[in-house]
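Two complexes follow with chain A in common, the first pairing it with chain B and the second with chain C.
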Partner chain A sequence: MSEKITSSGKFFFKKEKMLRWEYTAPFSYLIIIINDIMYVIDEDKENKINLQTNKLFREINNIILGAIQGTLLTYPKNFKATLFDARSLYLASLFPQSAKLKETISEIDIYFNKSDYTVDRLIMREASGDFTRIEFRSKKLNQPIADEKFFPR
Partner chain B sequence: MSKKELSFFLLLLMFCSEARSQNRMLTSAEAKNFRDKVQEASKGTLSVESDFIQEK
Partner chain C sequence: MRSFFPANILVIFLLTGCATIKKQDLVVVSLTQFTPSVIGSPFTGQFEKGLFRTSLDIGKNHMTGYTLIKKTSDSSWRLVFASEIGMTWFDLELVKGKLIKYSVFGPLDKKTLINIFKQDFNALIGTAEARPSLKIFSVVETENYAIVGGNNPIVKYRIDYEKRKSGVAQKMVIVNPAINLRMTLTMMGR
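And then the complex of A and B:
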């Protein structure tokens, strides 16, 4: 397993499908997803990925959107969910059902806040044994966010 | 089995029980209620702004 890297930044989501990941530490870069196009913007270059044609990125995007929008639990066609009371949080452990998805992801753990039922923590466990853990803190819901926040430039 | 070994196994058993009891599986009624609440919350969520920490 590889050495762990901890990053931090700001996250923005706007319905239906606009996401902005603003990494500020240890490196500054930006990931914007809008209308099935993902932009990865570094200091001087911009990489554009069409999620319609990139199955892995599309799946990861669907997982993140599905976790935020709750659709991973309500329409779990790709995952089997087991639900737990994990003391201060609720935990939904999702196991991929398709053989293709199992090749990359072994389990996704989504921790929900008990007071507002939003996602506090997301752990994506890969088939290789590596994992990605994302903690959301200081959440502000339903504050106005300008559409321009999701424009690449 | 010596007293020491027995104590060790008892402690191990207690540790395993404690670890397992941290997460309790929801009953089907609780699970339905939880899914309904998540769906309701997500319907009412138009935007989210948040700090994040990612470990990979």
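And then the complex of A and C:
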């Protein structure tokens, strides 16, 4: 569909496997990944997912963390990568290799900033033609983040 | 993710005795003709499209996100439910009561569930195809309405139209007890 839905929030990442993805608008929604546990918290429910045992969410986790850490590019079993070099950015286009993943995702484009090699933009294209564009703005690098930030609630 | 519908689903239904709709809190409303505006349905009059905060529980599986419902012609409606991170759970269109599947997330893509969606969404919107098979109730101690339908225990549904504002429900809750499905749609804008 041509309709566009926009949401915004904050994204925290701490090496090696701590992530907090917090939506604040148009409503609150929180994803926390700490080591191999993913918490999905919406207004009335908290879901705890063991990534060791849940194959689908393990893949989603691999995509999210892999894009941030750059390890998706060295994940040939699941993605074939093509790299492009432009004036101010690098673009990595990733094509899923497993049939299961291809059913959902047709391509992931990751735009890296040339000045600090961080991710500026991520576009996830679905097999249906819909896509999700995530823009990372107002980045702060190497600032201290308390571990508590990655605890649910 | 676990498959929602094991191959022996019918056996499970028979063993559990088929949960049915509880009607203790409902009083039947006598209407000669069903009109969506009577029950506070937002899908009437000038409605063109609406965005709804959505949660869908099926068994132990919990999915959340947004649903965009758009009138695509006088007799067709598009329903797209996507997660907060953008992944599409389902993208369906009702055309004269029939369901077109544009995209359905793997574990949800089961014939039984798709048929239940078809029935539930026809009833939710109040399409001409759904109207003969549903009954309207008023909910005791509230000013809300609910509709109940489904021609066998497995597909029996109840839809509550709640939180009316200027006569229009801001929240709809679809329940299919037999498969433990509960879908809540809260209006964000239209």
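By our rule, the second predicted complex is superposed on the first by the 143 of 153 C-alpha atoms of A that agree within 3 Å, B and C clash if a C-alpha of one lies under 4 Å from a C-alpha of the other, contacts with A are read in each partner's own complex, and residues count from 1 in each chain.
The criterion applied here is as follows: a contact is a pair of C-beta atoms (placed from the backbone, for glycine too) under 8 Å apart; a residue touches a chain by one contact, two chains touch by 3 or more.
Computed from a predicted structure; not experimentally measured.
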According to the stated criteria, A:S7 is in contact with first (chain B), second (chain C), both, or neither; which is it? both
Tell me which partner A:K45 touches in the superposition: chain B (first), chain C (second), both or neither. second
Touch test for A:T104: chain B only (first), chain C only (second), both, or neither? second
Looking at chain A, does chain B or chain C touch a larger number of its residues? B
Which holds for A:L73: it touches chain B only (first), chain C only (second), both, or neither? first
Check whether A:F27 is in contact with chain B, with chain C, with both or with neither, and answer first, second, both or neither. second
Which partner does A:D130 contact after superposing on A: first (chain B), second (chain C), both, neither? both
Which partner does A:F57 reach: the first (chain B), the second (chain C), both, or neither? second
Quick one: classify A:S138 as touching chain B (first), chain C (second), both or neither. first
For chain A, which residues belong to both interfaces, chain B and chain C? 5, 7, 21, 130-132, 134
Please name which positions on chain C make contact with chain A in the complex. 1, 49, 51, 53, 55, 62, 64, 66, 68, 70, 78, 80, 82, 84-88, 91, 102-103, 105-107, 188
Chain A-facing residues of chain B, complex: 22-26, 30-31, 34-35, 37-42, 44-56
Given the complex with chain C, which residues does chain A contribute to the contact? 1, 3, 5, 7, 21, 23, 26-27, 29, 31, 40, 42, 44-45, 47, 54-57, 100, 103-104, 124, 126-128, 130-132, 134
Interface with chain B, chain A side, in the complex: residues 4-15, 21, 68-71, 73-74, 82-87, 90-91, 112, 116-118, 130-145
